[in-house]
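Letters A, B, C, D and E name the chains as they come in the text, with residue numbers starting at 1 for each one.
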């Protein structure tokens, strides 16, 4: 029953799986670049969910064609919202990458666990 | 199954979504960061294809461009830090 | 002209700081001009917010609706200026102005160079604009975009100091918070898919009609909103980024981050929970129980953590987490008194914590001492700073005649009204614990003898002025809370009245 | 005995199940009578040309109906660029 | 000069005009065809980034000095807000377009949509300059 419904809603299903994989990458991989890729995957999964919500089977892209009336256009609103979302995700990645670079310069590693160890040593020395 | 008969299943789209999941799993397992970033680039390109299939060309073209710029920036940072995941 | 400004004030309070911030990066060589412009816009923001609040107060609690671009509600973005928005705007302006004054002449040595100081001011104004936007918006997708602006500018401000720990804590903040914003966007998506609306009012109507068809989706969406905005506003179990970020940021940034930014997210959470889901749906989903328990746990646990901290700024950071628990507690007890208390306490805590962080920053700058145990005798060397610190502590500990008391009193009434004795107990125990971790600082500062090195002194007059302004705000809020309390009560009634 | 990975795995599986169960409940994908195709979509599709003079409905939404969001989108980019400057330009010699 | 560098530079100079034209095409045709200011802006920026990668940072900076990107970013964003204020000046809400009495033009041409054309040009320039400045900031910082 569940599987049947998931098959009907397969883009949402894929979005959930992608979300889970991204979350696992962010939470279990110690490497900072991997974490950033994971965040991007999570955000893409959410965008996928939105984009799927706007689609209609047999619809055409929401570009008005005045010569052939009677077409079924898909909903343009999710696309418009996700354009904003993509810009946001690019901005976040850019800022995060610059921070990763500075962290690397300071600690000499991209491994979050080793950075945490070094940081606690620093605090103990205070 | 009945779903297939009703024409409710779009195999091309499903295949692309499957490739997306495989790509994300590859990012999890791969050790070389440069390869991971390249796989991410592929991921965002496939995502653009998926959105094209879902009738949102605006989204597809923007995702393609944004995926390239993110990949470029990530490669830039990797080239100046370390390439291996310890 | 005057009527035009009055009609468009809801959007002007958002756009004016943004417009100034767009110009600032081109003025990197002229720090004075940038500082002047920032101060000017903070003053204008305060007067605009005050005028809006007076309009709302004299209007008898009716909300003004502003349709962006002339597109009516479900199609375009809608701004609503009601009591909650006026309260939030007034709080933001009230805390921002002293924070800006504190930064003038002082910031470039803290962040490294005058260029960086100008960029810092730009980020500050962007944050202020985003907070003002959060206060007035009535559209859930708009909330998402504003939250992103606030998050990126906070992250930049946390990383503004040049030491390595600042970058590290900013990165932790960014990673956690972008997970939170993905969850927030997911919640928005689920709500949009089942209701087809992004406007809060329309989504709420639609949701009340159809929610039985999608009970799991509604539950999932609510938990997404709670966790997503909870990470951002450092609600108790999700607060891990806050202490590092607050102790590494420059002091005006930590004042604003702890005083305003987390409050902005909390207001968004409140708007989403009450204006989209509505009070009755919250109770049916048992969300109110979860929120109340989280709030109580936050009050007690974070206070205990704060007791264990020796570094002053970290202690204040944990205190922030604890005080946010009060707001959460008030949000969970779905009744008007508790919500009044929560809203008023958010304003009171914004002013109190800002003054505490500014005073702590002044102490650190003057002495280089970060630990509580090193502050002996500082009260006589830095009288204004320590007086401001004392006022802030008294307010947070809930001593009568200070701002915090009014909020806590209303919260207490609200939890008794809801029959939640545990909540009432948590409010009282939290206040006692707050006294226990803040008063030793004051005792050390005033009663213990100072060591012989005598180079500590009060900071410059602008810094003193800013602390005096905030201290005065705390006392005014405590002695005559009238207009603020009225705004908070009306806002609470409005929130409850949505279904 | 370290229970943390076990607890994390259990929580993850529960969260995944909750998400899958919720997603299965959503309106069917691609059906033309989904809740999202309400008066919003109708107006954006049917009246965009008349009201904004633009053929691409997505453009008409991002730059006209919901232009306020797009303003904040540009602000997000601006903020990110500035924050990157703050993060990376740490040399003390510039300016004065 | 190595032969590989030579080939890279020749091919970059050959392809660059097409990338730029394509980027501006997408920016200007946002009203008619898929795409729009954001995607177009990134494509324009990618052209510059390719140029800077092939010819070196200094050469790239010579084409787009830091001052240009800073000003384009600032005033590109301000441009959007100022176009929003047109509505207020006309006595209608912020960011109004047709309501403010602006002629929306002939549908299907690149000048259609009234303010929309102006807005998309502003955003396109702003996005391009932001991406270029992000790239250069990350390329030449010294922490």
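Here is the rule we go by: contacts are C-beta pairs under 8 Å (C-beta built on N, C-alpha and C of every residue); 3 or more make two chains touch, one makes a residue touch a chain.
Remember, it's a predicted structure, so these values are computed and weren't measured experimentally.
The minimum number of touch steps linking subunit A to subunit B comes to 1. Counting C-beta pairs in contact across C-E and across D-E shows that the higher total falls to D-E.
With centres taken as mean Cα positions, subunit E sits 25 Å from subunit B. Look at where the CA atoms of subunit B average out and do the same for subunit D: the two points lie 18 Å apart.
Among the residues of subunit A, those touching two or more other chains are numbered 8, 10-11, 19, 23-24, 36, 52-57, 59, 61-64, 66, 78-81, 83-84, 86-88, 90-92, 94-95, 97-102, 105-106. Listed for subunit C are residues 18, 22, 25, 68-69, 141, 145, 148, 152, 155-156, 159, 167, 170, 192-193, each touching two or more other chains.
Of all residues in subunit D, those touching 2 or more other chains are 19, 21, 25-26, 30, 34, 36-37, 40-41, 44, 49, 55-56, 58-60, 62, 64, 66-70, 72-73, 75-81, 83-85, 87-91, listed in ascending order. The touching residues of subunit A, counted against subunit C in their complex, run 19, 23, 26, 32, 35-36, 39, 42-43, 46, 49-50, 53, 78, 81, 84-85, 88, 91-92, 95-96, 99-100, 102-103, 105-107, 115, 119, 122, 126.
Across the interface of their complex, subunit A is touched by residues 141, 144-145, 148, 152, 155-156, 159, 164-165, 167-168, 170-171, 174-175, 178-179, 181-182, 185-186, 189, 192-193, 198, 311, 370 of subunit C. Across the interface of their complex, subunit D is touched by residues 2, 5-6, 8-13, 15-16, 19-20, 23-24, 27, 52-57, 59, 62-64, 66, 72-73, 75-81, 83-84, 87-88, 90-92, 94-95, 98-99, 101-102 of subunit A. Per the touch definition, subunit C reaches subunit D in the complex via residues 18, 22, 25, 28-29, 31, 68-69, 71, 74-77, 111-116, 119-120, 122-123, 126, 129-130, 133, 141-142, 145-146, 148-149, 152-153, 155-157, 159-160, 162, 167, 170, 190, 192-197, 206, 210, 214-217, 219-220. Contacts from subunit D toward subunit C in the complex involve residues 18-19, 21-22, 25-27, 34-41, 43-44, 64-69, 72-73, 75-76, 78-80, 82-83, 85-87, 89-96.
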